[in-house]
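In what follows, chain A forms one complex with chain B and a second complex with chain C.
For the complex of A and B:
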């Protein structure tokens, strides 16, 4: 192995250690005991202090949070409702729209494509306050359905679908189907939909991840209703109830949320992301060059 | 909802067209309809409503009416004592973060590209993992890293003479660096994948030809690969620039975990949030969000029309 190659491998492993060790330490934190953490015991990355008993104690604290407990599970359910609902809506809208922009000629097609691209690359938080004003005007603050509808607007999904039909469905196929007397909607339903599985999975995956990790939109629309919070803003409430950061609030609670409990709640709150990632992995590798994940 | 939207749109094309073309138009608008409805609800209507709201007068206890207020709300926002500071703060973060981010993205993508086979692929995956911990999860992870009493990077805090989370983030000058580290950790991996995609599109023959001409790995990266992936680098830089303007979660929650030792409205988005949810001054909140919208819209248009990455599919 020559020197240049050695330097390259060492650099890459060095950088990797900065990503890996904090994450191992953080996951280990979810398995540790709060007193031991405070006492600085547990050894390297705390790996010496992990046990399942600690997890079951921590879970009883996390799950006990709320006026009658069980609030965390409720937040997980809400996250599933808005993330899955938003992703389904995104697929229903993105697949036909991407197809139409890729394979049909109509006025304003290019303008709509440009609008889609621009909204896709803009950070979606800039619209949250206007969206709050809109939802407030129809008296639906604190309800889940407006969040689902807003999450259904997913221009990156339309772009993915557009690229999919641009690259995997030849224009001649559409032309031939027209000669067979099929109308445009039937061509879409009978020819485009059956070959859209790859695009559907990609749209579903990226939409689900974006919805699950979305913080600002649920913060603005759902904060006022504790029962209807999603897990992302729920975690913020748990942090705010921790004796580490807010002793006054924490003193009034039956449960004690120290770092192991917060880490456990965070790790549980990320498990659905891991699940969809594993489920979509095969398709992600194939679609890797398609484009960026929106920030 | 679908029908109310598609009707006026269907009538739009000129009537003299052949029936084939008009049935294509009809089909296109039918297929576009669900997306257009969502675009209206989640894009056009809120922007229109924000413009209308920003031109209203904020009701006060003395004058509870909320009629037309002209540009008053924009004046309120721009002359707010925090307004300029929030942008300076974003500027400070960007000055620290963007160069590190771009260097990290491009450097690591090039290293991965120079390491074919299993090692390169597994490193790419390792760099990507923190990206999965986006948003609040990344934040809780950083609370763990930032707390000197339990952090695995305790030695860094020891060197800096920091004993508490509060000191770690609220010592003057620390915050841009802390935010840069958090955003780098969370964001660099997915961008490496994107830029790596650009590198993978370089034809093998190009690289082989350069190697035959005697180019070493370093020259190959500098003279061949970098110029070819310039559009991706520009895209990454502009996207991350736009991302900087929406900073909210990290400064807002860092304030929460450091006993409110930070300014409550440190970024423009936090300021807009405070107008809406602390002052209940909706016109000012709308005005603030429109200002941010114009800035990020400008960056967005630059990306779409100037990066050279979009529109190739359109022949």
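For the complex of A and C:
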């Protein structure tokens, strides 16, 4: 190994350590005991104090949170429902929309594309009050389905799909299909859809991540129904009920949520994201490089 | 073709923006967010209550005691100082519905916006619950007394008493102070004779309540909805500052906050301090694990020349009732409010704080005394009850949080080793700034 290569590797390891060590310490925290943490015991990154008994105790505290316990599991279920539902809707809407903007010619196509791009960069918070009023108008505040529907509106997915069809499906292919007598719906169904697996996975992945981590929308629409809250806003409630952040509030609670319990809840809250990432990893790395003309 | 595309681009952009703006405006059309007399509705009986996690048992106790009333309990984020609740109520005002019928406010400051002209959610309970209101010591209900109307009910009283370690005092033959000035002098003496022993904490958001509120220093002197008097150069403020400076210079104060992780160790060295009634069980017993038979409390101290003890208050939650309801829904909500404020099933059996409602206090004291934790249980609980009447007036909960300003200014200054004068100056400037930022005219 020459000196330049060695320097590059050392630099990369050094930079990586900045990110890896906090993550290791954070995950280890979920396996530690609150008293040990308070006493500063547990050795390097707390790894000396990890045990499954600690996790078991922490889980009993996290799972005991709520009027009759089990609220955290309910939040996780709700997050899975809205995230998966929103991602499926996003695929259903984004793939045809992206295809249409990439390969069809119609009036206001560019205006639609422009709107998509503008909506994509619009901050979430701008839309919270209008969305709240819309959902309120149909008496659905506190229900999950409006959140799923709104999460299905995923302009970044449309953009991804648009880019996919622009780069992977040449115009000539569409023209050839038309010459062969296929109508537009058939072209989409028989040619575009079969080659859009990459795009579907990408849209699903990014939509799922965006939905899972979405804070403002569930906060605005679901806060008035404790059974329908998601884990993103639920974690804030756990923090709000921790003696570390709200001592006087926590004094009246049966469960005690210290660092290990909060870390455990957060780690569990990350697991679905990790699972989706591992599942989609192959497609994320290959990206948009595979297309119709490459087979 | 290329030039045509360029030519069209601005037009399409304008079209796109116009479409979005139209959609946005259409969606924003709702009731105005103003302070007009709200429209009232009646569900026919069902009520919805919002409570923070520790108050869920209160709502459940009501559900058990009143099975005839249909109730929906929603557990809300209990973060003290959070802003999301206010934003939610602003949204409900826009929508014209969605408010809870009753709520336990996570922060006492919340009553400022809930009773303010803009959100205007909290009902005037003066005529709705006159008998309940009569059962409170007016000093306890003062935070709810806004422009001479009672806009909330106090859940628990949290007056400061004077805590001391009876074992330490007996072993070292110290006499208890009777005035705040004697407290400061004795604190310095003890710090000199017993290095490491402390007589107060300054690092938490309740510190200004313990010392400034107790001195009747105008930090939160509400004059009207939009006016507040803040005068940290007032003699009442300066005597509190001098007291803190004397103890700080004499190494008798800890710059930690009572809730800090390290306070558990330092707290064991606490020999005396003003502190809330709830310090006894929550801090000394449960958190710092000071052995039973050591800590005990007496009535608050007087200021030199003062005729009566003077003290502040640390917390003590508030219940509110919606002014958007009427008929059976209002009737049931008032039943709920009366229950959680006064009923022993919650206030005595389940609540850890000293009940604010006078009629529930004796039963609570009797139950708590059974623990026999304090060195002198009888004096301690008598002091708690008496202290309620010594909480200084002219201190309202505002849209700004004095405790937060304190922890953002005084605490870092003292930790950096700056003088109390420097810390005080930073606190004063920031307090006025934050009050102005919240729209107050500062006198």
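Note that the second predicted complex is superposed on the first by the 272 of 295 C-alpha atoms of A that agree within 3 Å, B and C clash if a C-alpha of one lies under 4 Å from a C-alpha of the other, contacts with A are read in each partner's own complex, and residues count from 1 in each chain.
Following the convention adopted for this analysis, a contact is a pair of C-beta atoms (placed from the backbone, for glycine too) under 8 Å apart; a residue touches a chain by one contact, two chains touch by 3 or more.
Bear in mind that the values here come from a model prediction, so they are computed numbers and not experimental data.
Visitor: Based on the superposed arrangement around chain A, label chain B with chain C as either clash or fit.
Guide: clash
Visitor: For chain A, which side has the bigger count of touched residues, chain B or chain C?
Guide: Counted on chain A, the partner with more touching residues turns out to be B.
Visitor: Could you say whether A:282 touches chain B, chain C, both of them, or neither, answering first, second, both or neither?
Guide: neither
Visitor: Figure out whether A:273 sits in contact with chain B (first) or chain C (second), or with both, or with neither.
Guide: first
Visitor: Once the structures are superposed on A, label A:152 by its partner contacts, choosing first (chain B), second (chain C), both or neither.
Guide: first
Visitor: Would you check which partner chain A:20 touches, where first means chain B only, second means chain C only, and both and neither mean what they say?
Guide: A:20: touches chain B, not chain C.
Visitor: Please work out whether A:235 is in contact with chain B alone, chain C alone, both, or neither, and reply first, second, both or neither.
Guide: first
Visitor: Counting only touches as set out at the top, which of chain B and chain C does A:45 meet: first, second, both, neither?
Guide: first
Visitor: Could you tell me if A:188 is touching chain B, chain C, both of them or neither one (first, second, both, neither)?
Guide: first
Visitor: Just chain B (first), just chain C (second), both, or neither: which does A:252 touch?
Guide: The second partner, chain C, only.
Visitor: Classify the contacts of A:114 with the two partner chains as first (chain B alone), second (chain C alone), both, or neither.
Guide: Both partners, chain B and chain C.
Visitor: Residues on chain A in contact with chain B in one complex and with chain C in the other?
Guide: After superposing on chain A, chain A residues 38, 110, 112, 114-115, 118-119, 122, 128-134, 220, 233, 236, 239-240, 244-246 contact both chain B and chain C.
Visitor: Which bits of chain A are touching chain C when the two form their complex?
Guide: It comes out as residues 38, 65-67, 71, 108, 110-112, 114-115, 118-119, 122, 128-134, 136, 141, 219-220, 223-226, 233, 236-237, 239-241, 243-253.
Visitor: State the interface residues of chain A toward chain B in the complex, per the touch definition above.
Guide: 4, 8-9, 11-13, 15-16, 18-23, 25-26, 29, 37-38, 40, 45-46, 89, 92-94, 96-97, 99-101, 104-107, 109-110, 112-115, 117-119, 121-123, 125-134, 137, 149-150, 152-153, 158, 162-163, 166, 178, 183-185, 187-188, 209, 213-216, 220, 232-233, 235-236, 239-240, 244-246, 259, 262-263, 266, 269-270, 273-274, 277, 288-289, 291-293, 295
Visitor: Touching chain A in the complex: which residues of chain B?
Guide: Residue positions touching the partner: 12-13, 20-21, 23-32, 34-39, 41-43, 45-47, 49-50, 53, 108, 111-112, 114-115, 119, 123, 126-127, 129-137, 140-141, 143-145, 147, 149-150, 152-153, 165, 185, 187, 189-191, 193-194, 197, 200-201, 216-218, 235-236, 238-240, 242-243, 245-246, 248-249, 253, 256-257, 259, 269, 272-273, 276-277, 282, 285-286, 288-290, 292-293, 296-297, 299-301, 303-304, 310, 313-314.
Visitor: Going by the contact rule at the top, pick out the chain C residues touching chain A in the complex.
Guide: Touch residues, chain C against chain A: 8-9, 12-13, 15-17, 19-20, 24, 27-30, 48, 50, 52-56, 60, 73-80, 82, 84, 88, 91, 94-95, 97-98, 100, 106, 258-259, 261, 264, 278, 282, 286-287, 315, 351-352.
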